[in-house]
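In order of appearance the chains are A, B, C and D, and numbering begins at 1 in each one.
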Amino acid sequence: MPLEQKVKYESECDREFAQWVVGQIGGENLRHCIQCGICSAACPLSLYMDYTPRRIINLAREGFKKEVLSSFTIWLCSSCYACRVECPKEIHITDIMYLLKRRAIEEGVYPRSFPIPVLAREFGRMIFMFGRVNETLLVTDLFLRTNWFKFLGMIGLGLNLMRTGRMSFLPDTIKRRGELRKVLDALDAEEKKEKKEALS
Amino acid sequence: MKYLYFPGCSLKGTGRAYEESFLAVFKALGLEVRELEDWNCCGATAYMSVDETKSYALAGRNLAIAERSSDLDVIAPCSACYLVLNKTQKGLKENPELRRKVVNALKAAGLDYKGKVRVRHPLDVLINDVGVEKLAKFITKPLKGMKFAPYYGCQVVRPYSTFDDQYNPVTMDKLIEAVGAECVSWPLKTRCCGGSLTGTLPEVGLRLAYILIKEAKKRGAGAIVTLCPLCQFNLDGYQDKIASKYERVDIPTLYFTQILGLAMGLPESELGIKRGIISAEAVLAGR
Amino acid sequence: MNEQFEPKIVAFFCNWCTYTAADLAGVSRLKYAPNVRVIRVMCSGRVDPQFVLDAFARGADGVLLGGCHPGDCHYAEGNYKTLRRMRMLERMLKGMGIYDGRFRLEWISGAEGDKVKTVINDMTKKVRALGPLDLPGHFRDWDKELEELEAHVNKDSKKAEATHAG
Amino acid sequence: MSENKPKQENLPRVGFYICHCGSNIASMIDVAEVQKYASGLPGVAVSRDYKYMCSDPGQEMIAKDIREHKLERLVVAACSPNLHEETFRKAAARGGLNPFYFQMVNIREHAAWVHEDKKSATEKAKDLARAAIARVRFHQALDKKRVPVDPNVLVVGGGIAGIHAALTLANAGKKVTLIEREATIGGHMAMFDKTFPTLDCAACILTPKMSAVKAHPNITLLTYSEVNKVEGYVGNYKVTVKRKPRYVKEDLCVGCMECIDACVFKEAKFPDKFNQGLGKRKPVYIDFPQATPKVVLLDPETCIELKTGKCKKSCAAACDRKAFDFNQKEEIKELQVGAIVLATGFKAFDAKRSPQYGYGRYPGVYTALEIERLVNASGPTSGEIVLRDGKHPKAVGIIHCVGSRDAKTNKWCSRVCCMYSLKLAHLIKEHSGAEVYNFYIDMRAPGKAYEEFYDKLLGEGVHFIRGRVDEVTDWAMTPDEEGKLVLRVEDTLAGFVRRIPVDMVVLSTGLEPQADAQEVRRRFNIGCGSEGFFQERHPKLAPVNTFTDGIYIAGACQAPRDIPDTVAQAGAAAAEALALIDAGFVELEPNTSHVVEEECCGCKSCVPLCPYSAITFDEVKKKAVINEVLCKGCGVCAAACPSGSIRQNLFEDDEIFSEIQGILK
């Protein structure tokens, strides 16, 4: 086990990142956390996480941006909201996990071939193209991109779905795709305008 | 009573049996249901990780279309759709800045969002609008001798316990008893089934599904009754993988609309009973 | 840059509840708009509608009346009378063109320091949006008009006298 | 709108003083500018600013100025009148000026501390100063009204707080009436087995005080009674008390309890509230052996005779003192007292409001009060730790902060749960030898010898896990969790989630206000904080006083508190009451109203307004008359009088009109 220096220098804290999290929708009560750990206990997936949800909240409010954005935790969250209803300080932990995922994607910090961020991106692309998601195509596309071997393992499940008529090959599309694109493009334009104003 | 119906992608795909039994039961109860014209995907749990404003606008488009077509309530059977539509309503009401952006974006496409429409769940409609007494009149073939474990999943009851309690929901329990079956009491009613993780990260997600089916079987449930297409898929679809990793459990997973349909004497073919990967024949034969 | 209009608001606070709440807001260092001047009375029931009218007549842009929540009054029923009087006064004020937010009645208990802050900030914002009431200015205009009218009437009557005497 | 500004020359000479209050005021208000501005106002003879007006030199300066400059009015701009109005009235009196020729201006709490812009804060200070200077011109010379104080005292609530207060007052020679809602005094403390941190037995230290109360000649003990109505004012309260029927004559019954054995119900069948429902009792019962008064009572819901009248009444037959009286009725009593001490205590948080802990669903889950009864030698199991199914637990989990420090239930920390959880851990370990786990967030042991007690528990090998338990559940993941209650918690110090299987779970429920706190506080005309605890006059400087003179509060009714602090407060409240009584009289603010006969036209519109019926109508003179002793000085009649003939001292119409004009000039 290589000896590793564990001390963290204050210079590694990104106060501005901590401020950004508090400013986001859902991050309002972040500073009121008393580190009681009920979110980690409520979370059905915390046993697989490198940082339990409680530690992510503490690292985020202190500004340890690198540790938070490169953690597995934010990607293992299945948004079941168990932590949110248990939290005695009413911190919206699930929304915080979402905004950290978005920031991780934006900064390209997420683990490369880790399936979940790839799933999120593919999901978005499919909606932009067809307006609706076809589960079969989504899963196939996901595994072709991340892990060939696992795709082979899904064959059994695929056969079962075909047997029970729950497999659908053709993508299902909405009629007015242009309308949906106009909405999404309008938001992109708005965001660019904001970014330009922010810079000027 | 008339309602708009927002199916969502799952009910057209792996959750087809949920749509079939939902439409059949509501038709038999005389509740007119009209599918929302040109609905688009609600974004479920994945899209919110990509872009917040766009995911609100995405779901907002459905709400705008619903408000334009009529002032009827919209029924969203799938838990993820039900949560996202509710979360959009609430998010846009509580964040004026977000609302301004989304409303303007929708206007750019000729859509108008006011936030009037109410998003409902079929279970809420059955228990609260129709009522258990009225339902009892439609029960012609009660499922005597059956033991079902009610599984609510997470997103229908959390974070907004709109029509039922988030710790100990009871609406589906009432329905199970209304159809004449015995409702198994167990503490995992609202414990997460793994959601999208069961498929993408089996080494993580399978364990959650395994915990549920093992405990339900241990408590003597003949089948698990759920109200979410993703939960049904996770509990029903992966029992082979769970058998190889943990142990074989073999318990069918049905929708509450399916067992209600059976108790109302509707034919199995109309309720998509055959769509279950783990067959429910043996369990249902005993009725 | 023209000086932004800063409304002047006169407030009557009852000693036992709202005045104590204002003290609590002070002790808790809550920050709120400086437009309100507080007059202490023993009970909101002591506030005579004439005080409210006099405040407006002397140039107040808004009048705030703070009392204990019904049932909490230190004198058992004082605030019930306030409620009756002030509902009637509101209707009269509306008749005189003083409405939507210039006169405001709030129940604030001794523990609600925060409510004092929110009410004062909210009322200041609303009255600032309404702009100055400036009754003294109107009175001056009305007085001037009356004088002109009187002068005009006197002029005609002198002419009539002249013709009459003539 | 009459110009009520008297002519320039005969204006009374006003002394104006503005305080820096260190930097509290001076940092946000330009005191020099206000001082200079005030000096130019009509009638102002002296205008000064000083660093600490309320200090002795500050007050001395006022007295000297009054004498030297023959001042006839005084205005001081500083903090809130609730703080230093009395101080400056006394300073005026020392200078030979009537104390009511003084008006205070609140520029600290209402200006300096709450505004952020110095210019507008100074502007506001000037307006308020101008208003006060205009107002003080109309002040009249008055003197405080003296009212005699009734020497008797009422103590409400028979817990340790009420007991200690009553004994202290009685030992000081005052006649005390102690009222308790339950059938016996002792309150929550009587239910405990041991008390922290010394582990001395609650009954051993409480029973002597309870019997002292019973035996004390100066204390009248009214148990099974409640206060119905309170009238009057400081020094002169009339209290109506409702005594619920026991169906047993208190003076005859000696508590031999033979009637209980003779009752038609052979075994005890009904849940025993004192033992938190763990034990059973008969319709005729007594709460616990050392109950004071040691008198049985009948439960109307379960006694056949009281319900149907068809019982052979074997209990009455067995009583040789003939103490039973089946048609005893509710009794109303009237009391005259000068001071009232409220010691009504707390209510434990209802564990059912945290459903994830399974109280009421899993039999192995207990509240802390239930465990207090289980470990108690006089409890239902005589001190043996045994589960509802008869088994002995091998592992026990104690969860701290149940219902507390949670925005969904009670925001506050209930202060005593960490300590009593440690005590219960010790007792459970001692009585049953089980493995004990305490789940805490912050171990709060601040009192004397408290940290040492925590250290003692650490030494005894109790497992302390820092983390808030998410759920108590009975589904098992591993064989050794089968049939157990599993607690899922993140051990935050270890950094991972743990699943702890136990046989028994103890919920350390927090303290919250009594269910009827709101009605009780309205009945006694005192305030409540936002959580529902009684409101003290000042959290630091007047913790046992309330805003209503003559009414004092002590113990957990004001905030969660442990026994040592409760007893200390009880003593303080008793001292406050003694100070009031021994003074013999009370000086009342002279802000009462009176009718100016010449101007009263006899329209009687004021008569029905007064809640204290202080206004009567003189049929002969056809004039309204105000009884100044009954008048409380609310001013409601003064505002309603159409002819303005009712004047309220200190708040006359002229004074308020001039204040309005001063503000708006």
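The rule is simple: a contact is a pair of C-beta atoms (placed from the backbone, for glycine too) under 8 Å apart; a residue touches a chain by one contact, two chains touch by 3 or more.
The model shown is predicted, which means the values in this text are computed figures rather than measured ones.
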Specify the chain pair with the maximum number of C-beta contact pairs.
A-B
What is the distance in Å between the mean C-alpha positions of chain A and chain C?
55
Cα centroid separation, chain B vs chain D, in Å, comes to 51
Contacting chain pairs, sorted by label, are A-B, A-D, B-D, C-D
If you look only at chain C, which of its residues touch chain D in the complex?
6, 8, 10, 16-17, 19-20, 22-23, 25-27, 29-32, 34-35, 37-43, 45-51, 54-55, 57-60, 71-72, 74-78, 81, 85, 109-112, 117
Could you pull out which chain A residues touch chain B in their complex?
25, 44-45, 48, 76, 78-82, 84-85, 92, 94, 98-99, 101-102, 105, 115-117, 119-121, 123-124, 127, 131-136, 139, 142, 150, 153, 156-157, 160-161, 163-166, 168, 172, 174-176, 179-180, 182-184, 186-187, 190-191
List the residues on chain A that touch chain D in their complex, please.
34-38, 40-43, 46-47, 52, 54-55, 86, 88-90
Within the complex, which stretch of chain B touches chain D?
165, 167-168, 186-188, 211, 215
Which residues of chain D touch chain B in the complex?
355-356, 358, 471, 473-475, 477
